[in-house]
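Lettered A, B, C, D and E in written order, each chain numbered from 1.
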Amino acid sequence: MRDVLSPFTAWKHLFREPVTVLDPLNDRPGADRYRGFHQNDLEKCIGCGTCEVICQNAAIDMVPVSDPEDGDSGLRPMIDYGRCCWCALCVDVCMTGSLTMSNDYVWADANPDVFRFTPGVDPKPWNEEEKGYQRPGARVLASTERVHMGERTAKDRIDNFEEIVAGYTREEAMIEADRCVECGLCVATCPAHMDIPDYIKAIREQDYDKGLQLLYQTNPFSEVCGRVCTHNCETACAARHDGDPIAIRWLKRHITDEVPYERYVDLIGKPEAATGRKVAIVGSGPAGLTTAYDLARMGHKVVVYEARKSPGGMPRYGIPEYRLPYDMLDRDIDVIRAMGVEIVCNTRIGEDITMETLRADNDAVVLSIGLHLGRSTRIPGAESPDVDTAVPLLRKITDGEEVPVPEKLVVIGGGNVAMDIARSMARLQQVKHGKVGVTVTALESFDHFLADADEVRESREEGIEIFDARGPQEIVTFKSGKRKGRVKGLRTWLCDSIFDDQGRFNPHYDESDELVHPADMVIEAIGQAADVSILGKDLTEALEWTRGRIRVDVDGQTSEPWLWSAGDCVNGPDVVHAVADGHRVAQSINAMLAAKEEAAT
Amino acid sequence: MRALYDRLKDRFQLGELTRQRPDLGFVTVGRDHLRALLVELKDVEGFTHLVLFTAVDWLEDGQFQLTYLLNNRATAQDLGVRLMIPREGASMDTIHDLWPTAETYQRELYEMFGIDFPGSPRVDEDFILEGWTDLPPNRRDFDTKEYSEATFAERAGRESHDPRDHMKQKLYPDGE
Amino acid sequence: MSFEWIQIPYALLTLLIVFVYGVFMTTIIRKMGARAGGRYGIRLYQTFVDLAKNYALRSHISHGIMFYLGPVFRLTGGVGLILFVPTIYGSVMHQNFAFAGDLVLALYFVFFGTLGMALGAGESGHPYSAVGITRGLSQMTAAELPFVLAVFAVSLQYQTLSITEIVAAQQGGFLSWTLFTNPIAVVAAMIGFLGTMMRSPFDVFLAPQEIPIGPPTEFHSAYLALMQTNRILFPIAKIVIYMNLFFGGATNWPVFFLKVFLIYLVSALVGVVFPRFRVEQSIRFFLIWGLPLGILSILIV
Amino acid sequence: MFKIEPDRSQYPAHNPDGSCDIDLSSGKYVKIWHGPNHPGITGNMSLELTICGDEVVEGRTRVGYLHRGFEKLMERRTFIQVFPIVCRVCVPEPDLNEYCYAAAIEELAGIEVPDYANWMRTLILEMGRFNSYMMYLGGQSGSLGMGVIGQWTTYVRDLMLDRFEELTGARVYHMFILPGGVRDVLPDGFAARMEETLKTAERYLDDVDKVMFQNAVFNKRTRGVGYIDPALFDSYGVTGPTARAGGATTDVRRDAPYLKYDELDFEPVTGTDSDIWARADVRRRDTRLSIDLIRQILVKMQKPGEYFAKIPNVLHWKIPYGETYIRGESSRGEYGYYLVTDGTGYPRRINVRGPSYTHAMALLERLIVNTNISDVGALMVSLHTYPPEIER
Amino acid sequence: MKDEKYTPLPRRPIGLDREELKKRTVTAPDGQTFEVDPIRDYYCQDAPKAHQRSYIKIVEDFFNWCRAESLWILGYGTGCGAIEMRPLMTPRFDAYRYGIQWRPTPRQANLLMISGYLSVKTLKRAIRSYEQMQNPKYVVGLGSCTINGGMYWDSYNTIKKLDEYLPVDLYIAGCMPRPEALLAGFEDLKKIIKAGGGEGANKYAENFEWYKANQKSVIKDWDMPDYNW
C-alpha cells in the first residue's frame, strides 16, 4: 500500500515555485573561468603561431594583420569555429598570454562561412568581456625558466682571463632546447638569419652533426658567435614575453662544443671547383672572413690582408679572452683557412700594399676594416695623459703589451665595450693590487641599458661599481703639485633624458645631482671609429660617404664598382651583423663574377 | 607476479616478464602456447576476467601484437599476454569459447585491423563501420587524413602562414 | 425526444465550447505535469499553435485509404460521442442528440474510434504501429470490461439505457450520485477509466520509450492534427459519460468545467507519478481488480 | 489465476550461446529496429530485434553510429593534442577518460603528480560519477514511462554542472585533468556552494526514493526482470554497479585504489538480486556514496598547493617505449586506457576499454533473448550503456 | 609507408546486395504465401516535390508564425551535442515554454537537430529521418563539427560540411553549445521562419540531384532507393 501512495508525494512540487531560469539568455553569463569565445590582445600578441601548432583541430590560421617587425611576425591567429573545440590549449600555451577566452558563448548564424574570425581584429561583442578563461599562473606546457649556465664564481675568475662560462652539458642543453617552440621569430631578427629553430631541434634530437652543418650554412663564426654574439635573436624570442628567452647563443655554442673539431671540415664539405676569379679582402674580422669563406666555398680565390699580427679583427682585439678564448677564434679561422682562404697578416694597406694594387690584381676588393679607433668624449680634461680610449687598450691587453694599471679607474660608457675594458682592467688590478677599483658611469639608466644584463651582473659580482644615468662633465685633474695634469676623478651630472623631442641625441642633465668619482685613470668607451686613412686620398674622394661612414648599397657595394665594404665599418659594432654583411657581400660579388663569366662566354 | 611467472615460464616458454607496476605485468608468449596459457590462467591461476583484447600494429616489423589483458579479481593483479603474429594474412585462433565477450573484440579486430578469427561467431559481420571498402582503418598504413580529405568536402577559404616564412617573405625576400 | 433542426447548430456550439475547453484543459494538465517536474511547461495557447501548424504543413504522404480514414474514424468517434451524449443536463441547447437508448450508442462510439485507429495504423505498415495496435486493442478490451460491467450495473440500477434519465435520477444533492449510491461500480469504472485515458500506468500502447509512439507513429501533418483534435475532444466526451453516469452530470457550464477537470485530474494525478505497466501486467490488473469489482457491482445491484 | 504468460513453446529453441535459428520467411517473426532514432535507446545506437508476438527471440546490438575513429586520430596527434579528444570518448562522464589518459602518460613518462592535483582529480571524478548516476536514474524511470524523475535528476545534474563550470570552465567537456596535473585550483567559496548543491541533491534524492523506489508499478516492472546470473560475470566481463548488484564486491576504487581513494572512508555498495531493480538500487545508493565522498574530499583536501608537475615542452614531447593499462571505476564499471608508446612524439596505440563495450554487446544480446519487448528499453538502460565508449 | 600486401578479408555483402533486401517469398502463419520485395514495398520511389507557399501573404505569414512557435524536434541525438538537449527540455531551461517540444518519430517532427558530428553511418539515418519529415522542415547544426568538421576534421568516418548533404537553416557554434546558446539559436531560427526563410525542404527538392550525389559520394553502401520519403 505504501508503494501505491508514496509516489503521490511527487505532487508537492506542484505547489513549489518552478526552478526554471526565467531568462536564460541574460541571467546566465558563463562562469569566471568559462572557456567561451576567444579574445586576443593584439598589442601583446607576437604572431608566433604556437597556438596554431598546438591546436589539434587545425582550427587556427595565422593571417597577416600588420607589418612584421623584430620579434613580431605581424600575423595574428584566425580561429575557425568550424573546428575549435574550446580546449583552451592555445591559451595555455600562448607565449605572451595575449590569447584568452571570454565567457561569452552564444553565436548562431544561418551562414556557415561566418564562423571564422580573427580575435581582436574583427569586432565581436565579447571583445571587451572581462571574465573568461585566462591561463592561471605561469605557463606550464612549456617551461618558462632558462637552464642556468654553469659559470666560475667571481672569486675564481677575477684574477685571470680564463673563460667564465662552462657551457651546457648535454642534459642541460636538451632541457633548454626543449623549451623552444620553433616559432622562428628569431630567424628574421638574426642578421645572419641563422636557422635557429632547426639547430635547436638538432640538439633535441642529439644530431649534433646536422646541427653543425646548419650552423655553417649561415655562419662560419659559430665558435665566436656561440660566445659573444649580441644575440638579438633572444630579444625576439617568443619565450621572452613570459619567462626567460631561450639561451640560443649558449645552445649554438653547445653544438660546437659537442662536435669534435676534427670533423668540422668533413661535415661542412668541400668547396666548389675553382673558378679562377680572385678577390682581395682587407681586414680579417668576421665580416671579411665570412666574405672570404663564402667566396672560397663558391670556388673563388680569396686573399685576406690583415694589418695586425693575427687574424680575427675585433673578436680578437676587442673582446677579452675571458669571454672569448683565442684558441676558439683560431678554430673558426682555421676552418675558414681550410676552405682555401689565404690570410696575409702584418700587411697594412696603404703602407705595405695599396688599394690600387689590390684593385688591379683582383676582380673585386672588399673593405672590412672594422672600427679600431676609440672615440673621445672631448670633455674638459680629456686630453690628460691618464685618459685613454677602450679599444686601443683592449688591443694592447690582447697583444700582451704593457698597460697602465691604476688602483682606481673610471670607465665612461655603458655598452659592452665599457664592460669589457672595465672587467679586463679589474682583472689586471686584481693581479697587480690584489683588489678591484673600477667605476663605470653610463649615460643610460638601467631601464635602457646598452650592455647585456649578464655583463652588468657579472661585473658587479666582480666588484665593479656601476653608476647609471651619469653624464660626464669634466675629468678633474690635479691643478697643481707633483701630479699636476694627472687625473683626479670624474665629475658627472644626473642625466634625466638622452634624446630630445625630435629623437635626436641631446642629453639633458640635472645639475643639482653632481657626483665626483675619484680615479687615477679615465677610460672612454663611448664608441669607436674606422681608420679610413688607409684608403688613400684619391679613393677617399671618389667614394661617397654618409655620416662619416662609407656609403654602401644594400648589397654592400660602394659607389665604386669594384669595391665592397662590410662589417662594423659600415654597420657599427656587432659580430653577427658583420657575418650577415659578409654573406651579403659575398653573394653580391658572386653575382657580379657570374655576370662577368657569362659576358665572357 | 614474479612467482606466477616462474611457475609458468618453462611450461609455456614465456618471454621476459615486464613489470610495469607491482600489479601489472606483460609477458610474451608463442602462438602454440597461447591457448593453453590462457586456459591455465583462467582456470587455475584465477585470472578469470578478460579486461581487454586488442592489437597493436608494428608496421615497421611487419607484425601485429595481440594483447590479452587478464585480471585476477581476487588479488587485483593484471597480466598482459602479448603475442606477435605476422601482418600478412593475419589470422589467429578464436577464444570466444573461453570468454563469450571476446566475440565482440574479435569482430572489432577483424574489422579495424583485418585480423581473421576463423570460427568466431559473426566475425565477418559489419560491426562499427558500414560498407567499408578501404584498408582496415586501424592499420597504420591507412592514412585517415588523406582519406578524409579525399572523401569529405572541406569549407574553402582558409590559408595559414608560417611566421618564419612570412617574415622572410616580407623582410628579406631575397634570402639575405 | 423529437428531433429538431435547431439542434444541429446547438450541437455544433456545444462541440465548439467543448473543443476550446478541451484545448485549455489539455494544456493545463500538461502544465501541471510540468510543474510537478519543477518547470513551467508549455504556453497556454501552445496547443492551438501546434494544431494550426500541423494543419498547415504542406506535404503529407498517404499509405492508403484506411490510413486516411483512420484519423477520420477516430475523430468521428470523438465527435459522435459528444454529439450523442447530453452535455449539460436540462439545457435545451446542449442536450445534443441524446435519445432513449443512447448509452449503447455511446459505448459503441467509445470503441469505434479505437477500431478506426487500428485499421488506419495497420495500413501504415509500420511495425511499431502494429505492435501498438495489438497492445492497445488487448488492453482496451480488458480496460473496457470493468467499465462496461459498471455501466451495466448503473443501467440496472436506474433501469434505463438513456443517459439523460440516468442523470436525471442522480439530481438532488450529491448524495444521490452514483458515486455514493453504487460506489463499487464507480471504482470499477474508474479503473477502466484510467485504462482508457492513455496515461501511465496504462499507456503501454503509446510508450514513446519502447515503440515510438505506437499507433500514430506514421501519422503526420493533417492526419496527426485530426488525431490531436480527437485527443482533445475524446477524453472530454468520455469524461462526460462518466460524469453523467457516476457523478451526477452537470446542469450548467461551470459545473461541467469543474467536474470534467476534476475527473481528468484523476488520470493525470496517477499518470505523472507511475511508470507504465507492461501489457500483460495491465491486463492482469484489470482482470484482477477491475473485473471482480464490476461483477460485484452488478451483483449488488 | 489469470496467468497470461506467453507460451514459449512456439518460439524456437535457443542454443547455449543465445543464438537461435530463425526462418524469416516463415512469417512468424518480425524484425524491428530499436534505434538509432528511438527515444528509448541510450544515445545513438540500435538494437535489431527479431520478435515473435511481444517476445524477443533474437537481439543484435548495432553500434558504430558514433564512431569517430578516436584510436586512429589519437595515433596522429601528439601527446598533448590527444588530451582534448579523450574526454569525447564518453560524453556523460568524460572526466574518467581524462584521468586514465593522464595517468597512463604520467606513468610511462615518469611524472610525479602533486598531491593537491590528485585530490582535485578525485573530486572531479566523484562529481562526474554523480552526474552520470543522475542521468541514469532519470533514464531508468524514463524508460518505463515516468518522466518526472528525469526532470528532477536532470535539474540536480544541472546544478552539479554549474559547479563543474565554475571549477573547470566548461559544462560538459571539462578538459581539466591535463597530463601532469590539473588546470587550476578550487575557486573561492567552492566548498560552500558545493555543500548547498549536495543538500539540494539529497532533497531530490529523497523524493526519488519515494516516487521511484517505493513505487508499486516500478517494482512490478523491474523486480525479477533482466536477471544476470552472477556466474556469467567473468565470462561476459561484467563490472561495476551491474556486477555489484549481483553480490560481487568489485569496485576498482577499493580493489586497486587510485588517486586518493585509499585515504577515503567508504565501502562498495552491493546488492543481491541482480535484476533491474537491484541495479537501480545499487546506483541509487552509490549516488549517496558519491555525495558522501565529495564531502570527505572537500574536508581532507589540504589548502591549495602545487597543482601541476613539471613536464617537458608539450610541443615536442616524446615518451620512450612502454605499455601500460590504467583503470578507474566509472559509474558503469571498469574503465581503462591501454597505452603503447614507441619513443616518438605520438602514441603508438591507445585502446579504450569502456564498460559498455562488454555490457551492451555480448551481455545485452544474451539477456535480451526471451524478454518482453516492453522491457528491452529498461533492460538496456539498466546496464547503463553509453554508446560512444563502445565504438569510440 | 603503405603495405601493399593486404588482401581484404571476406565481408558480408553490402549495399543493395544485402540479403534482407533481396526479393523473397514469405509464408504467413495461415499458410498464405506472398512475395516481398523490400526495396519496392517498404520505400517510396517518388522524388520530392517543391511545395508552393500559400498565395495569400497574410495566410502564409500566419502559418509561418505557427510553424515558428511550434517547433517539434526530432528526438534523435546524432552526436554528443545531444547531451545538452536533456537540460534544455527539463526544468532548468524548459524549452517547452518557447514552443519547443520533442517528438519521437520523424513523421511528426519539423526540426532535425544535428547535434554535432555525423559519422557516415549516422548520416545515412539522418538523411532518411530528414526525408521522412514533412515540408516545411528545418535543420539546425550544433557545434563546430557541423560547420567544418570540428575536432574530427581528419577522421575517416565523419563528414565535415553538413550543408553538402542536407539544407541547413542555422548553425550554432560551440563544442558543445550550451542550452542557453541553443535557446538563443532557436530564437534566431524563429525569426528566420517568421520572415519566410525556412524553405530548406523546397531547396532540398529543387537541388535534389546535387544533394543525392553528395550523399552517395560519402555513403559507400547505398542500400535504399534514392528517395524514401
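Here, a residue touches a chain if its C-beta (ideal position, glycine included) is under 8 Å from a C-beta of that chain, and two chains touch if they have at least 3 such contacts.
What you see is a predicted model, and the numbers here were worked out from it, not measured in a lab.
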Fewest hops from chain B to chain C - one hop per pair of touching chains: 2
Per-chain Cα centre nearest the global Cα centre, belonging to chain: D
Chain separated most widely from chain D, comparing mean CA positions: A
Relative to chain C, chain with the most remote C-alpha centre: A
For chain D paired with chain E, centre-to-centre distance based on mean C-alpha positions, whole Å: 28
Chain C and chain E, separation of their C-alpha mean positions in angstrom: 36
Cα-centroid distance, chain A relative to chain C, in whole angstrom: 89
Chain centre separation (chain A, chain D; CA means) in Å: 56
Residue list for chain D, restricted to those that touch at least two other chains: 31, 38-39, 64, 67, 69, 72-73, 76, 84-85, 148, 150-152, 155, 173, 211, 215-216
For chain B, residues that touch 2 or more chains besides their own: 126, 129-130, 137, 140, 142, 144-145, 155
Multi-partner residues of chain A (at least 2 other chains): 7, 10, 13, 18-20, 56-57, 80, 82, 85-86, 112
Inter-chain touch pairs (all): A-B, A-C, A-D, A-E, B-D, B-E, C-D, C-E, D-E
Partner chain D, residues of chain C touching it in the complex: 33, 36-39, 127-128, 130-131, 134-135, 200-201, 203-204, 207-212, 272-281, 283-284, 287-288
Complex contact set, residues of chain B against chain D: 18, 20-21, 23-24, 26, 48-52, 54-57, 67, 69, 73, 76, 78, 80, 98-101, 103-104, 112, 121, 126-130, 137-138, 140, 142, 144-145
In the complex with chain E, residue positions of chain D that touch it: 24-28, 31, 36-39, 43-44, 64-69, 72-73, 76, 84-85, 88, 91-92, 135, 138, 150-152, 154-155, 157-158, 161, 171-173, 388
Residue ranges of chain E touching chain C (in the complex, touch as defined): 42, 44, 49, 51-52, 62-63, 66-67, 69-70, 72, 75, 90-91, 94, 96-97, 99, 101, 104-105, 107-108, 110, 134-136, 201, 229
Chain D residues within the chain C interface of the complex: 1-2, 4-6, 30-32, 38-40, 51, 54, 141-148, 150-152, 155, 211, 215-218, 220-221, 372-377
